[in-house]
Amino acid sequence: MAALLEVRNLCKSFGGVAATDGVDLDVLTGELHAIIGPNGAGKTTLITQLSGAQKPDSGRIRFKGHGITRMPAYTRAKAGITRSFQITSLVLDMSVLDNVALAVQAHDGHSFRFLKPARKIAHIRDTARDWLQQVGLGDRVDAPTSELSHGEHRLMEIAIALASGAELMLLDEPMAGLGPDESARMVTFLKGIKGTKTILLIEHDMDAVFALADRISVLVYGKIIATGTPDEIRANADVRHAYLGEE
Amino acid sequence: MIGFGKSSWVTLAIMAILLVLPMVFYWNGNTFYLSLATRLTILAIAAVSLNLVLGYGGLISFGHAAYIGFGAYAVGIPTYHVFYGGAEGIATTNGLFQFGVAVGISALFALITGAISLRTKGVYFIMITMAFAQMAYYMFLSIEEYGGDDGLVIEVRSKLPLVDLDNPMELFVLSYVSLVVAMLMVRTIIHSRFGMVLQGAKGNNERMVTLGYNSYLYRLVAFTISGAMCGFAGALMGNFSSFISPEMMAWSRSGELMFMVILGGTATTLGPVLGSAVFIVVEEFMSSYTVYWHLPFGLMLIGIVLFVRGGLMGLLVGKGR
Amino acid sequence: MDYGLLFIQTLNGLQLGLLLFLVASGLTLVFGILDFVNLAHGSLYMLGAFICASLTYLTGNFLIAVVLALPATGALGYLLERFLVRSLYTRDHLDHVLATFGLILVLDTLTHLIWGPAGIAIPLPDWLDGQVEVLSGVVVPTFRLLIIAVGLATAAGLFWLVNYTRLGMLIRAGASNRTMVAALGIDIQTLFALVFALGAMLAGLAGMLVAPITEASIGMGNNIIITAFVVIIVGGIGSMKGAFVGALLIGLIDTLGRSFIDDLFKLFVESNTAETAGPAVSGMLIYILMAAILAVRPQGLFPPKVR
Amino acid sequence: MKRLITAALAATMLTTPALAAEVKIGFVTTLSTGAAIIGNDMKAAAELAVEHMGGKMGDLDVNLIFADDGFKPETGKQATDKLVQQDNVDFVTGYIWSHILLASRKSVLDAGKFLISANAGPSQVAGPLCHKNFFSTSWQNDSTTMAVGEVLNQKGVKSIYIMAPNYAAGKDMVAGVERTFKGTILGKDMTKWGADAQLDFSAELAKAKASGAEALFVFYPGAAAGAFIKQYHQAGLKDVLPLYSAFTVDALSLPKLQAANFESVLGSVFTQEWDPSLDNPANKKFVADFKAKHGTYPSFYAAQSYDAMFLIKSAVEAVNGDLTNMDGMRDAMRAVKYDSVRGPYTYGVNHMPIENFYEREVVADADGVWTTRVVSTVYTNHVDPYATECNME
């Protein structure tokens, strides 16, 4: 299988502290690749560089064989990379449906009827409604986003990532702050879409990671110290050391 | 939003009052209230244009008074040359030309300054828009030929087909119709897909970028449209007051425009109109009683910020969102 | 080029810059730490001048008046924070701009009511009223040298306060992490009120220093507040170093611009045009500078590290 | 809302039928900002004039309406519009500032009312924009400074440096000195004016001193005067660069300067068409009563405002209160049928006064209060230089 995303020797530091320190990473088409690591390992910094929100100091990122290292965030999104946010990042003063519709609209192509009220464009609204149905928010479409619970917001993030039609989804701790029931619901859902999308998952919930991931990379102090299947990672001495040494 | 909610009825009712009341006064022989209404209507257009970026786009422009100046000078300067010679290429009283220039120059200024300003955010954006407006202010201050500090008297009003701007009633009706068109334009824009992205970027810009929207470009377009509309209001203002001075472009005027929008209620169709109406009427009313009217006026402004969330529209129709 | 004149104008620019620093430092403290946009900061500058003027006539001595007026303006700032500003912290910048815009109107009108429209001239003690020959043939008013000295001393004091004291530590911590300071058991409300009062005192001091030159007049604050904002935007909001560098930069550019730009223009255009274009362009200079700096560095010269 | 409309309608119905037993006079001046010091002085004088008239012009009651121009042309024009359109006044007077007069004049004259400037005298209204319904009780801007130019020549001054605010009157004032001064002008600074006027003149004063001029001419009216004099004093320029001014030292700035004890202003020289010490009955009564009422000397602004009210009175009385008789009133005003506090004067073709200009100096009066007195007469019956450009029908 070819690598959809290739990262080579990626470096980024803040005020002398290296947050990303020569990361090499391949995410293969169709796999669910998880990144784990202790707090402060630089996981979110890595995601922001992949999505384009921050520019790396050095190194290369290739997506589908094209260099995207210096590409602005919005063109990466157009090229097929989307991300969800660790801290819920939605347009709170719009309705749930509007939020997802904006994601659908982003890759809907241009229309000459650009003055037509957006809320009257049936195919966009319908597609958005479908995605919300899929993540189980079918009955909340018209609610103001600000009124939804934290768990529902996490699901919205997933719906938006899916609706944006991206080939590669960068999910930053989708389980953060969820209760056991909600976490289980999220795991079930991710299992369901596994294989249809390439997913790079950052997650603290180890049970979820080992249940979901095809491959796992371990990030410690801005470096990848191991990559492999869940079983390989479980057996890896370095990983055990890194984790046990920490806790 | 679609169909007739309470806010739509309030909008219709207030717009009807704004149309009929000045006319009644006029036919009763009181021209003053018609001119008050005309000034109010023109400022309302400016406020509506500001609301597009400020209310819906979350871009706090502290320099919109500059566009009123551009618009007014676009009327004043060609007329000046008709009377005092020079610059034959632009010497004309043709209103279509003048209004065209007003809109064109304003759009251009908004495009250029917007391109730079939109790189910044927050208070930096507030202050850089003000800085550009101050530059325009000082520029007109320095052009001796057009009066500099003293301002420029516009000897004759724009000549337009169908309407005679020297007739106060026709000037009022033109301003009123322009206001309605401006309101409808903004409404159409914000409900379009473009407008959804603009509002999305106000709520969460990073999300819009992550979805693949070049929100910088969306904002720049909105900023340019807003500037152009405000320039149009300026051309009307020049015709209304027959006088322009750089003072009309000073930062405090931009502040007043902001106030009108907030007072009425940001991100609402009627809010800016209501805000300018109340602002102008209260100002007129208070200032005719005492030269110390800034005191109660200032207290009123503070009170509104502190106690009235969502502006007057919030009071009238309840918090819509 | 007349070097004597250049020297004097540089000194004048330095003096204006230091006055701007006094206003801007308070503004940047309030802005950086309280995250509060205070357009009415200029009104405190004006009130400082008026209070000092009244006290000068009451006590018969300008210096005693300054000493008394400083805590008075500080107290005024404290009251403002306590009764108005505090309830605005949770609002967005737009609300700050609007409420303080209203506050300007209120304070200007109150000043008009209390002190009348005329403005008040402040007499100086004789030893400050004269001139000093700083270089041969270069004579400058003594009081302007005093302003420079007070400005530099205040700047030094502020750097010491912010960098080496417990209050300064709290201020710096409060700027980057408000919840952390609260968690340390510090009464953040009192801290904020103190910072606001300090800002008011600094603005008031600038007003007191400028009043003997111009006079205490209504609306004097509205002229300087916009320039002070330009200073902190150029310098980077919340940065004391930025406010200092920005203030000196703006002060020098403004003064030297006013002084030499029409001579510069005369090299290119006829003298009449130069005389009228000069003042206007020198008025624009600081805004041009600000736009240029922001175009390259959208967060000013010394952007705060963590926001 | 409905109640509001009904009330508003009722209000207009009530105001429409005007009772013609009064003469309505609009008075536009600056009542807010620091320049209100001038406006308040003018207001006091106009009120004193009405008091002296017993509240009557002929058989008509005087209804004097004051309006604030906020020191801004646009606001001044709005205030004027309101007086003309809503209050339907018969005369509009006042106007300190040239640019505000220029912005407002069309509103008054197009409505067919009389416009009487009690201070501003921009060259335009004396020349190309002169109008049959416009009168002045002050001067054309250039005239006073032309007199300064003459004084400079008389004193043998060979070179001067000029400072003035950059607005209509500032330019005219400078033009006046330049017209009559025979020496060389070594430099000129036009500083920012208006609500946010420049008040720190350090850069300009340093330039003036470096220029090597023999004297400094300035025009800084209102609040700026105090600031200028002080900095001039602090810069120690009194002996190096003697000061010649116009409209800078006056009854408004002197009390402030005396309070701050700026003694260097004593003896300084300037020119004016009026002085509190002028010896005529009208002036004696005016100055005495003004001092009694307000405790200070009236300023020239006050004197001109007082005159404006009596000029209007003479017009109203000449037509026996028939305010529709514009021609009659105009003829009466042209003939100057009242006793001006400056003494007799006449009107030129452009309705600008043809009057005397005096050299004045600052002195302490018998009570030690700083005031001014006449030193000599510079011009007798001076005609302003723009009269020839006026083509009145």
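The letters A, B, C and D name the chains in turn, as written, and every chain counts its residues from 1.
Please note the rule applied: contacts are C-beta pairs under 8 Å (C-beta built on N, C-alpha and C of every residue); 3 or more make two chains touch, one makes a residue touch a chain.
Because the structure is predicted, anything quoted here is derived from the model rather than measured.
If we define chain centres by averaging CA atoms, which chain lands farthest from subunit C? Would you check?
A
When the centre of a chain is set as the mean of its C-alpha atoms, what distance in Å lies between subunit C and subunit D?
Roughly 35 Å separates the two chain centres.
Express in whole angstrom the distance between the two chain centres, defined as the mean CA positions of subunit A and subunit D.
From the centre of subunit A to the centre of subunit D is 74 Å.
Which integer distance in Å separates the CA centroid of subunit A from that of subunit B?
That pair's centroid distance is 43 Å.
I'd like to verify one number: the distance from the centre of subunit A to the centre of subunit C, where each centre is the average of its C-alpha atoms, in whole angstrom.
It comes to 48 Å between the two C-alpha centres.
Please output the residue numbers of subunit D that touch at least 2 other chains, ranges allowed.
As it turns out, subunit D has residues touching two or more other chains at 31-32, 36, 166, 192, 195-196.
Pull out every residue in subunit C that's touching 2 or more other chains.
As it turns out, subunit C has residues touching two or more other chains at 112, 222, 276, 279, 283.
Enumerate the residues of subunit B that touch no fewer than two other chains.
141, 148, 294
With touch defined as at the top, which chains are paired up in contact here?
According to the stated criterion, the contacting chain pairs are A-B, B-C, B-D, C-D.
With touch defined as at the start, can you tell me which subunit C residues reach subunit D in the complex?
It comes out as residues 2, 4-5, 8-9, 12, 15-16, 57, 112, 116-124, 129-131, 139, 141, 143-144, 210, 212-215, 217-220, 222-223, 255, 258-259, 275-276, 279, 283.
Contact residues on subunit B for subunit D in the complex?
Per the touch definition, subunit B meets subunit D at residues 13, 17, 21, 24-25, 28-33, 35, 39, 141, 147-151, 153, 241-243, 245, 247-248, 250, 287-288, 291, 294.
Inside the complex, what are the residues of subunit B that reach subunit A?
Against subunit A, subunit B makes touches at 1-2, 188-189, 191-197, 199-200, 203-204, 206-215, 321.
Can you name the residues of subunit A that touch subunit B in the complex?
Going by the criterion above, the answer is residues 51-53, 72-75, 77-78, 82-83, 85, 89-94, 98-99, 101-103, 105-107, 111, 114-121, 144, 160, 164.
So in the complex, the part of subunit D that touches subunit B is made up of which residues?
Listed in rising order, the residues of subunit D that touch subunit B are 1, 5, 8-9, 12-13, 15-16, 31-32, 36, 68, 72-74, 77-78, 81-82, 85-86, 98-99, 102-103, 106, 166-168, 192-196.
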